[in-house]
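You will see chain A twice below: alongside chain B first, and alongside chain C after that.
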Partner chain A sequence: MTNNGRKTGLGSTRRGVILGAATAVALTAFSQFGVGKAHADDANTTGLAVTADTVKVGILHSVTGTMAISETGSVQAEKLAIEQINAMGGVLGRKIEFVQEDGASDWPTFAEKAKKLLVQDKVAAVFGCWTSASRKAVLPVFEQYNGMLYYPTFYEGLEESPNVIYTGQEATQQILAGIDWVVKEKGAKSFYLLGSDYIWPRTSNKIARKHIEKLGLSVVGEEYYPLGHTQFNSVINKIKLKKPDVIYAIVVGGSNVAFYKQLKAAGIDMTKEKPVLMTISVTEDEILGIGGENIAGAYATMKYFQSLDNDNNKAFVEAFKAKYGDEIVIGDVTQAAYLGPWLWKAAVEKAGSFDIDKIKAASPGIELTTAPEGYVKIHENHHLWSKTRVGHAKADGQYEVVYETKDLMEPNPFPEGYQ
Partner chain B sequence: MFADYTWSELGSIFAMQGFAGLILFSVFVLMALGLAIIFGQMGVINMAHGEFMILGAYVTYLCSHIVENYVPSLFGVYFFGAMILAFFASAALGALVEWALIRHLYKRPLDTLLATWGLSLMLQQAYRSIFGAREVGVTLPDWLLGSVALTDTIEVPINGLFVMALTLVIAVAVYFLMFRSRMGMQTRAVVQNRVMAGAVGINTERVDRKTFALGCGIAGIAGSAFTMIGSTGPTAGQLYIVDTFLIVVFGGAASLLGTIASSFAISQAQSTMEFFLSGSMAKVLTLLTVVGILMLRPEGLFSLKIRR
Partner chain C sequence: MTNGKSFLSRQDLLALAVLAALLFIVLPVSVDIFRLNLVGKYLTYAFVAIGLVLCWGMGGILSLGQGVFFGLGGYCMAMFLKLEASTPEATKIQSTPGIPDFMDWNQLTELPWFWEPFKSFGFTLAAILILPAIFAFIVGAAMFKRRVGGVYFAIITQAIAAILTILIIGQQGYTGGVNGITDLRTLMGWDIRTDSAKYVLYFLNGGLLMAVLVLCLFVLKSKLGRLLVALRDKEDRVRFSGYDVANFKIFVFCFAAVLSAIGGAMFTLQVGFMSPSFVGIVPSIEMVIYCAVGGRLSIFGAVYGTLLVNWAKTTFSETFPELWLFGLGALFIAVVLVFPNGLAGVYRAQVAPRVKKWLHTRKSGPDAPVQDPQAAE
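Showing the complex of A and B:
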């Protein structure tokens, strides 16, 4: 540390001379922020957009197009986190400035904007992406130009990149504990798996099926519907015929709304003992569209619910509402997006540098005790250790937490025996 | 597949499945009728049809919000008022669009595709700016939720029955309007020969505007009704547009009867196959069949015999 101090001291003197030659105003400004400046060279050896008192980061989500529905919450959370960090004095004495780009729900656009953020804006980190497709599109860009991405969504796993910190849960974290719970508490013996037809629901259901079969229980049906499908009456009849104990649903987007409305209309009463409806794709955000009365009684497994009863979360919810209005709801992904800037700050401070390679090395083992979901820690594989919880949907659109795992669940993006 | 079930169980499932098919049929007719008028009768490829539907849905959302907060005593019946308002809102927007955009393009039908596609993007962004990017929840009166138990084992969703009744009313109304009223006669005259219709004293511009507005208005009602079964968000209209065009083209663009026949064929095929196969496979097979039939009959199921 002392060694560092001396080296940067020299650096600052050299820069000071140059600046001093320029103008008196600049000189005053420099001496005022002299402390921050002292780290400038060492904290940033790769030419990132870091000055004496600011550091530039990127926010890359869809604010237009079909995914805007889902990604809006993440943008709000990331901005809130950045604002709070700045209010506390920033990162290594530098205020965070953000450049926001719109991925426009289009995967090539995501890649293009990621490149713009890294090459042109030289941002020190990017908080962004939502769908796996957008993440897969930007991944080569981040690896080629050595950027850092904080990715908030729960996803199917099967990926691990040194350039990405996955702040949401991967599939095994989200699924296994939920199934164990429903088997133990509800005596479930048979499952009907249902999902939208793309990689996340398919991979997740594959893991769910393996786990169910390992427990010696049965899967009586497994089905996928195209994204945007709006007519579920036939499959609901099929479910009625098979009489499963648990309907395990991973339906997303607009289909979600249609599915739950039609399920309720068809007389499947989720508030009764059987069938239990369990989902991993409906957060408080989605319930806004579905309507609380249409999904009341369902169970969701996530790592975060807005109703979590702890001091971190109370402060978080209060700050979120103060900034975005009382009507706003906070879902699992929104909270995970909120963690991004904080985890990055912790990594920068641990590394004492904004350099991407140093952040990569410093990230594993970083803990966050102030996370709204409670304590989290970054695993060697760049995913988070986190608890998994089961929430019971209520008519007011909130979940009541009925179970949480005792220990943190280990992230395991390449689960053996589940592929 | 059925070995473990008794005959009565199977009977009730098939009865419910029959209803599911009929409900799907009604939904298809409802969403396609407006387009059949605009695309089939006027030849305008209206890619913004879905957005006109969603306008109806948003009007319903506003109504539910206002009635719930200010006149809760009327909440049980607000839906009817909302549908009428949805009709007029979409029709008014339709008339405006026709005046500003479409009427300049009647001689260039393919350009209407691009123009209305652009319009649909603009409308989506407008909804997003006004109502927010998130989906909104439309609260429904209690009597529209749940199901009617016909027997112990046969349950039919009430909102499905409601859509069926609504479709019937609208189809009959459209029939009278198009084939038994003066306006319909004028519309058909303009469709068949614009110059001649003008020569015998029909104000073709007015007829065009009214017809376009009518098609959009019906889309608005459909959107309003679909708040019961689907989502209301800025891009929700996109969920319907492909199916809608499929039905109209398959039925034979110029024939309203064809639209109804093709709705029936596609809905029955799809709901039966969805029951026996998985959802995605059912969709693939339906599309393959439609493509196959269109290759044999490019005009669609029903075509008008006209001299070209």
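Showing the complex of A and C:
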């Protein structure tokens, strides 16, 4: 093509120059393409952003908007994990570089940014999302463009995508053992369920109700409030009338602050455990907003607490504080987010490749003995086997672990008999 | 304002040609499909912004609830697409196969009655145009017949946006709640997620936008358009001249609502989902900002304003994920301080005289006087 211009000998120099320039551009483009190809080997057959010594991944959380306060911990944990992996020599000899995008607490923005990460940046994996709504928004994008998402939050289940590794608990892992414990240890007979009005609290309470009814006990009330709701006096009055043994609360976000303060102001002293307050939505992060003195005495069921006493966790907390300051607290989701890059690294190394399909195939069965929560293992259904623990809130904003299941709980996102 | 046979002045034709060249030639050639799809998304907001120019810029009716109509159009389209995606085979893991997944999660066992008609594409298209028009008519008639206007009207539209958002989020079994209606796949068997479909939808969207612009130019150049400007500036005089002011206001409000709904439907098709975050107060106000940045007196300005603001939003947030909101805020403040009439104001002051001169030298003969509603302010 290039010679054509010259051969036809178009006298006009101007045309020659243009053709020459075009040739140059084409050649550069070609040579770059060639260079790109030279780097691609068995470890990357699908054109991901992997070079001989780097691999690009994405971090997609809200760092602005209402969810920023919750998601910041996850971003910090993921960056810490990436930094530690790089210090150990990276993944398959490649340093991890990350591209961070802001989901801005807005689900459509999450979808847009997820697409950008996969289509434009060609990242090898994405660590991100927090709310179910943001995950639902990006899920079709990950399935269409065949990306890999590591999702850290405990959530409602009812989902099992080959393109997602769920590093948090699905609902049954968080709920069943906690209820069994409160029934056995506190002799609870009646429960009052309440939560914020969206799919996670509703599905979780549905599972809780089924389980309570299976145990032959009673649910005396069930109520939902819009996100951001701050007036809980009417439900507190109802609780006082019905006198349940357990208040089972799945209130999220800023509403928590109002809920626990109003509960205390209404004279319900959680330290007296009449009734017992049990929650699955308040981690150490939320207590920062609520204030330790307002929630002291409550019980939370999670898989991780900052106070967990094992060597992995001590090293993790120390590294986290060294990087982000002594004041920082670490909640359940932050720890789950920290697992993401490590699980991905393990899958890549097992597969010997960054190819998404090979990672999907390699993921089930992967174990992590260095997890701060202890030992975790990826199930066939892409969720994690992990323990359920009950923590007792103290006035200093930390939980004291009072119970943990003996065995790992099997993840079961589509629980038979609980739907 | 009669320019011989055509309602389009040479300046209008030039503006249409420039925009068409940008949308149909420059952008498709210079950006990849991912960015082009984003531009397509921005352009769906331009429908709302154009509606706001008619309503607010020309008619003086500030609506802070245009997201309601954008959402109505978008949800109608999303309901159709969701039903098509929820075949019994595709949803066989659910307790009740054949209904949308979020209904199953909310323990619904059959399709609600108001979802049934959305199995028909014809009904859906009609609903996209008619539902928002009826809703706008009810709101408009209730307000304007009682001579409610100005800031009171703005507040009421904002309240309606808030109410609709709460309704959608609260009735999650019927609407998908805060997650919205997600995972839309095909339109009458045609996969809307492929790159080729994205191209087709982009050009369809652009074509619709051009058609809407021509229609709006027609409305503005007609007697109706001049009456709108008149009642914005001196409503009483129009009323005393014997016109029923309320009817004109209701008409332009309904017209803007239908435009927004078309934008919403195109949005759903191109983005592949719809959620209440496009319905509420914040997106509605954002849409007013697009219009203000572009210049609220110019329909072309509205299109460029929408593109500029959204482009800035995307670019800032990609470059500075933690600081981008400040950049966007600075842009708005700068526009309001430096160019109070938006992009269109800059164009009118700086570029338009030269274009006019150029057009005149090319063909002698006086052009029709340019309508300049700014002069009336």
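The working rule: the second predicted complex is superposed on the first by the 378 of 419 C-alpha atoms of A that agree within 3 Å, B and C clash if a C-alpha of one lies under 4 Å from a C-alpha of the other, contacts with A are read in each partner's own complex, and residues count from 1 in each chain.
Methods note: a contact is a pair of C-beta atoms (placed from the backbone, for glycine too) under 8 Å apart; a residue touches a chain by one contact, two chains touch by 3 or more.
Note that the coordinates shown come from a computational prediction; the quantities given were computed from them, not determined experimentally.
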item: Three-chain arrangement built on chain A, chain B and chain C clash or fit; value: fit
item: Which superposed partner A:Thr64 touches (first chain B, second chain C, both, neither); value: both
item: Partner chain(s) touched by A:Leu241 [first = chain B, second = chain C, both, neither]; value: first
item: Comparing the two partners chain B and chain C, which touches a greater set of residues in chain A; value: B
item: Partner chain(s) touched by A:Glu318 [first = chain B, second = chain C, both, neither]; value: neither
item: Which superposed partner A:Glu400 touches (first chain B, second chain C, both, neither); value: neither
item: Contacts of A:Glu367 with chain B and chain C, given as first, second, both or neither; value: neither
item: Touching partner for A:Asp106 - first (chain B), second (chain C), both, neither; value: second
item: Touching partner for A:Glu380 - first (chain B), second (chain C), both, neither; value: neither
item: First, second, both or neither for A:Thr203, with chain B first and chain C second; value: second
item: First (chain B), second (chain C), both or neither touched by A:Glu213; value: neither
item: Smallest distance from any CA atom of chain C to any CA atom of chain B, in Å, after fitting; value: 5
item: Doubly contacted chain A residues - partners chain C and chain B; value: 63-64, 197, 226
item: Of all residues in chain A, those that touch chain C in their complex; value: 63-64, 100-102, 104, 106-109, 111-113, 115-116, 119-120, 132-133, 136-137, 139-140, 144, 156, 158, 197-199, 202-203, 206, 226-227, 414, 419
item: Chain A partner contacts - residues on chain B that touch it in the complex; value: 5, 9, 13, 16-17, 19-20, 23-24, 27, 125, 128, 132-139, 145-147, 149, 155, 157-160, 226, 228-236, 238-240, 270-272, 274-275, 278-280, 283
item: Partner chain B, residues of chain A touching it in the complex; value: 63-66, 68-69, 71-72, 197, 222-226, 228-231, 233-238, 240-241, 253-258, 261-262, 264-267, 285-293
item: Of all residues in chain C, those that touch chain A in their complex; value: 32, 34, 38, 41, 93, 95, 102, 105-107, 166, 169-170, 172, 177-180, 182-185, 193, 271-273, 275, 277-278, 314, 317-318, 321-322, 324-325
